[in-house]
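Chain naming follows the written order as A, B, C, D and E, and within any one chain the residues start at number 1.
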Amino acid sequence: GVPAVAPAPAEPVAEQAAPAVAEPAPAEPAAVAEAGKIKIGMISAFTGLFSGFGEMQKQGAVLALEEANYMAGGKQIVLIMEDDQLDNEQAITKSKKLVEQDKIDILTGMVSGDEGLAVADYMKDKNIPVIPMYSASEDITMREFHPMIVRTTWTGAQSMDVFGYWLAKEKGWKKIYQIGEDYSFPWNQSGGFMRGFCRGGGEEVFSVWSPPGSTSDFSSMIASIPLDEGYDAVLYNGGGGDAVNFVKQFVELGYDKKITLIGQSNTFEKPDLDALPVDIIGSYSPHHTADDLNTPEWNAFKEAFNKRWGRNPSAASEFAYSSMRVILRAIDAVNGDVSDKAALVDAMLKVDMTDDPRGPVSLDPTFHSAIENVYIREVAKAEDGTLYNKGIWTVKNVSQFGPYDPETYLKQPIDGNTYPPQKCSDFPPVMLDAENVYEFVEFGK
Amino acid sequence: MSRFRINPVKVTFYVIAAIFLILLPYYVSQYTVTTFIRIIYFGFLSLSMGFLIGQGGMISLTQTAFFGLSGYIIGIFGVERGLMFPWPDLMAIGAVAIMAFLFGMIAMGTHRIVFLMITLAFGQVCWAFAAQNTTILRGWSGIRGIRPFVIYGINFNEYQNFYWASLILFALGIFILWRISKSPFGLALNGIRENPRRMAAIGYPVYWIRVVAFLIAAVYAGLGGILAAYNTGIIMPTTIQLSRTIWVLLTVILGGASFFFGPIVGTFVAVWLDVLISGVTERYNLVLGVVFLIIVLFSPTGIIGIFDQMRNDKKFNSIINFFSPKKEKPNS
Amino acid sequence: MELKYIILILNGLTQSAILFVLGSGLTLAFGLMRVVNLSHGAFYMLGGYLGWSVVKATGNWPLALLVGGLSIALLGFLFEKTMLGRVRGNDLPETLLTVALSMIIADVCLVFWARTAITLNVPQYLNPTITILGVTYPGFRYLMMVISILIAVSLWFILYKTNLGKAVRAGVDDRETVSALGININKIYTSVFMLSGLLAGLAGVLGGSYLQLSPGGDTTILTLSLVVIIVGGMGSLLGAVISSLILGQIMSFGLAFAPQYSYFLIFIPMALVLALRPQGLFGRQI
Amino acid sequence: MSESIRNHQASLEISDLQTYYGNSHILQGCSLKVGKECVAVLGRNGMGKTTLMRSIMGLIPPEGGSIRWQNIELSKKEPFEIAKLGIGYVPQGRRLFPSLSVDEHLSLTYRKTGQEGTWDPARVYALFPELANRRKISGTRLSGGEQQMLAIGRALVINPSIILLDEPSEGLSPIAVDLVIDTCRKLRKENISILLVEQNIHVAEALADHVYIMLSGKTVFDSEANKFLENLELREKYLGL
Amino acid sequence: MKKPDQPHALTITAVSKNFSGVQAVRSVSFEVPVGERRALIGPNGAGKTTLFNTIAGELVPNEGSIHFFGIDITRKSVQKRANLDLGRTYQISQLFLDLTVEENLYLAGSGGATKAFRFFGPWKNNKAELDWVQEVTNQVGLHKYISSKVSELSHGLQRQLEIGMALAMHPRLIMLDEPAAGLSPSERIILTDLIKKLPRDVTLILIEHDMEIVLDIADRITVMYHGSVIAEGTPGEIRSNVEVKKVYLGSSYV
């Protein structure tokens, strides 16, 4: 079809060559607490293991702001960015700085799930709206929800439930061998996956976990995958550097020829995808974006993003862009009067997000979370030889609870490395017989 | 005796400093106060490490583990079990003391670089355990929602109250440690730093003195950990990771490990540099690194060492001598 | 099933290869010179990144290995000459200098290279798939084992067949006296630190080809290399060999049978060694 | 060291040396000469004898005055350069290396020259048989006297043209002291100059051609050795004997 | 001077010590009555210091036993022995280099299990102990250097302090390992006087190569050679012992 992915500036050096962000005023002295300005604080990991995500987040948010000319509701918007080095304690320290010194009106950002939870916990009694961007921990908008939270993006289980269901129901797979990173985001992804897979008729998701960020050589775990026990696929439940390692070694040991590899939402995400061998073409993964979305909204966004940053947008940059746009539109809606925070949150919930680049999004008024499209994608090769995530199916209007009603869902324990059970037969029945609400539409239709 | 002579300059300085610190919340922003709170709890930690290095010659890389342990105890018993003040806090100190004692028993047979290695190993084991234990310590997520208490109607959730409480604790801690360092025990510890073999030969229980010193230091780290847990509201493995330990070591050396106030000065400077530079540029790690390089090259004995050096420096002295011609100039 | 164990052992050996190159570099600086070099991990990373750029530009992997190693050796030379040398023998300032340097390097890497994980592309001719007795295993990993054996042999020669090792040990004991005996100890220190840097740089290129390079990876690498020299004994080449062999297998089998605790597992031999023989398996009594 | 240096007229000339430890002025004008002879420097504890030796070796660079060795100015040179000019040094207090074995101490500085009569480890072992069966143990595990022997041996294998001995007899048994005296005489026969600091007056008596007296960092007196040592009044005045 | 029922200050019974292959001390036995000045001489490497170390507790003998005032101390720790008032010096000075002379002597004077664990009062306030330090400083002639750092003392001055460290301990048995080494002739005279002035209830064992001092001070002399005792007797007897002359004294003492 269409060469979905324009020549990607895979050269990371070029990334820096891009016009420097007009550092939106972190240097601004605290004294400038002028009434005329609205301050948005953004916490992200600009150094450390996840700094790639932090960078993309920054680019998305800045793009949205620039499109609005740093103006909303007739007021000037100031963005103050802080680096938390992916250290939750730093995240809180930096939140304190934003709240206490900069006196921000809105807090956004956050890459990892734990980071989001930590910040949300600290912000509980601060009466300042918190808009997590890439942070996907479901409890932020579930068990630890508080009314100042608005998440226009995703939870870990949201896309994976659809994915698991699809694999079991449509592909007819019965057994999956999962290798996951041992912390909360992959647990949540795994939880969603297992629920969907079992509900769809799967039998077992056998799981092994390894510590994140420190397991450098996965070869031994790969060599231990039993090839003769009838597993339909290996699910690698991890992202970033670990995923690059895993996939490379998987291919090097020749396992790509022996068993199918699938991934979680981040495994094949850009830009890590650029470091992966071509042998993984065809691997499935789910997310809320796909690189070859061909809607006017996505194309416009992609073009603008490319123009500004010289690279293609990723999910993380789209999430940041759309979150920031919601914030700006809400400020517009309250005419720049952000003093009433409850009203501001209300306005955010009412923002029309049907024109979101990744597809129409609406917000759940009770839990302030997104209801949106999930795309099942497969890794494909563009004409220029680079890899990209090609959409194959679209599932519309997926909520963070999947097909379950919130009450039933919240009665279940939090997803972990021992819950849900590996055998579908051990599942609580309520989880298996939820009414199917997913409607699979061929991608692009 | 002349030992009790009161130095009026010093006393005035201390009084002014005390007033400045006590009244702080009235004339600076909330964030400045928060930063001071951070300086205090990291100050406890670096004081703990500095005490061992400076007085006992023991470079311990386990102190952060004690810092973290007390946070975890507060998290487990305060948040998850819902115990009330002061129980979680007392349990935290108790746990730190027990762990320090047990660990001290193992490590105190070794000296110098082997000791450094053992403590490094111990710190890493604690960290790896905290990161991989998902049942009690909650793995990478850690324990959230730690909040200060309301005691006798004083709400320590108010940052001013929390600041004053921390300040009092810190002042008390400094005073006690200062007295300890001047006491016969402190001198004995210095002796062990210099020559443990001779210390044994003149009748000192070298092993136990070191264990007790280690215990004292651990309690200081633990106190810092309690304040930190309340202040950040969260405890997690990154709190005790190696880079944090190295950072604390850095503050100690930066201030001057051989001076009592070195660790505190170092923490003060490092935290403020961090706050100020990260507000100006995204490349603050680079800038900080360069600043540290310059400080060390200029004064290997740390920031306090700069002043000490000036006092002893021949060139500097000759400038002074130039103004006070009474002193004989060395003829060279 | 047997095939699996052969692969596990081979994986262990591959791990050992990289651990050895890392650990032997650190054992020179830390064990022999007694410089608590906390920038070893950063050296590794920088070496790897430089190598990556060379591969990117020329596609020439051997050249990358050379550039990665030599440029870190040069960095080590400059750092030792201009900074460490000024506070030599003063372990605390030395430590602080290395910490500061590693902060700078980590940040510079963030500026010039990717913020995400990258790997060096190994050309096909260096990475053929080799099948021996029915075991298919990437050729590059065999190459790594060979390279590390070569390094071990050359180090053995340098340290035990020349006066260098002796002079460094003597210099650590008493720098003054050794120089009064006509030995230019400063030059020797600089060379050894360079050598240590060279090894870190080589390890970076090897590690970046076989695993990946990612921001913040330097502490993990530092920790691993510390474990190697703690187990092996500081300053002992044989110790570095044996301990990387042991640790490699533990990591490999640990990941296969108890992946969740794999990282924890590598600390167990360390704890055992420290409890029973604090100076390490082959370390000298200090 | 090469034969050429040895054949050269050995001569060390120090004039008005000024040395500081930090702020304290230790050597305050110290002058002496060593020709092809044995010169002894005597004085009570803490007078600056060791400081003089260390200044010559460049271990504490003097801040004033000059040290000339075979017409080369030493005062701005690094210790290893000074040693390489053919100056051997036996420091006070032995200062052996705990991490080197006896063998390694001797092989560290020894270079094969292939010439007859040079000092090599084997000759040192022949001189001090006590060391020969201790080759593999750490230098600092030796007995005090054996350590002193090794310190002397370590300086000999450099094959210096002048040797600075700072209390070489300390800790040696009377019989071993005799051995050291014999050795020094042998060195003198090989035309090696000796600068000797001694507290054992018998050793000084047996070896010195010329003596200097040090008092508070200054050389206050010098004379031919026998003249000084036989003069009880002078001995009383400068050495308290 | 020794009452018949009073135990010896030191009884060494068949003590042996070997280091991998080297028999440094071979079945040495002797007794030192209370108050005696005993010299221990022998050629370099004879095992004198090693014997000292087994008495002081730094080495555990492979065989034999050591009794100190009737108490078996063979397996007691160094610190316990010191607490029984056994003081010693080292052949190679073991001082606290970064501390002052005063601090060194204060530490030596106030050792002991309980005295170390005083956490509060500054040590500078303990007048009695400081006075004692002052006295020792005068005795060993270091009064000028009382507040100098030890690392700034010359070798000989450090040797003087080394002796002071043992004296400061109020020992019942004092063991000096070559106290005169490194001292100038005039300081040796002071040292001899100092030792002679020690109260007579203090027992002294002395290793020394300066025979003038040995002959001047010692009541009895024990001679070691290759780890064994080859002679024991009064100074006169030892002086004329042919074997001792051959292996130790050499030609100078004909």
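Keep in mind that, in the parts below, a contact is a pair of C-beta atoms (placed from the backbone, for glycine too) under 8 Å apart; a residue touches a chain by one contact, two chains touch by 3 or more.
This is a predicted model, so every value here is computed, not measured.
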item	value
Which of A-B and A-C has more C-beta pairs touching across its chains	A-C
Longest centre-to-centre distance from subunit B, chain (CA-based)	D
Length of the line joining the C-alpha centres of subunit C and subunit E, rounded to whole Å	49
Subunit D-subunit E separation of Cα centroids, rounded to whole Å	29
Centre-to-centre distance between subunit C and subunit B (centres being mean Cα positions), rounded to whole Å	32
Separation of mean Cα positions, subunit E and subunit B [Å, integer]	42
Sequence positions of subunit C contacting 2 or more other chains	106-107, 111, 260, 263
Sites on subunit B at which at least two other chains make contact	131-132, 285
Junction residues of subunit D - those touching two or more other chains	none
In the complex, subunit B residues that touch subunit E	3, 179-180, 182-188, 190-191, 193-195, 197-206, 208-209, 212
Touch list for subunit C against partner subunit B, complex	34, 36, 38, 83, 86-87, 90, 92-93, 95-97, 99-104, 106-108, 111, 219, 222-223, 226, 230, 234, 260-261, 263-264, 267, 270-271, 274-275, 278-279, 286
Subunit A-facing residues of subunit C, complex	4, 7-8, 11-12, 14-15, 56, 106-107, 110-119, 127, 129, 136-138, 207, 210-212, 214-217, 220, 251-257, 259-260, 262-263
List of subunit B residues in touch with subunit A within their complex	29-32, 34, 38, 131-132, 134, 139-142, 144-145, 159, 228, 232-234, 236, 238-239, 275, 278-280, 282, 284-285
Parts of subunit C lying in touch with subunit D, wherever the complex brings them together	163, 166-167, 169-170, 172-174, 176-185, 284
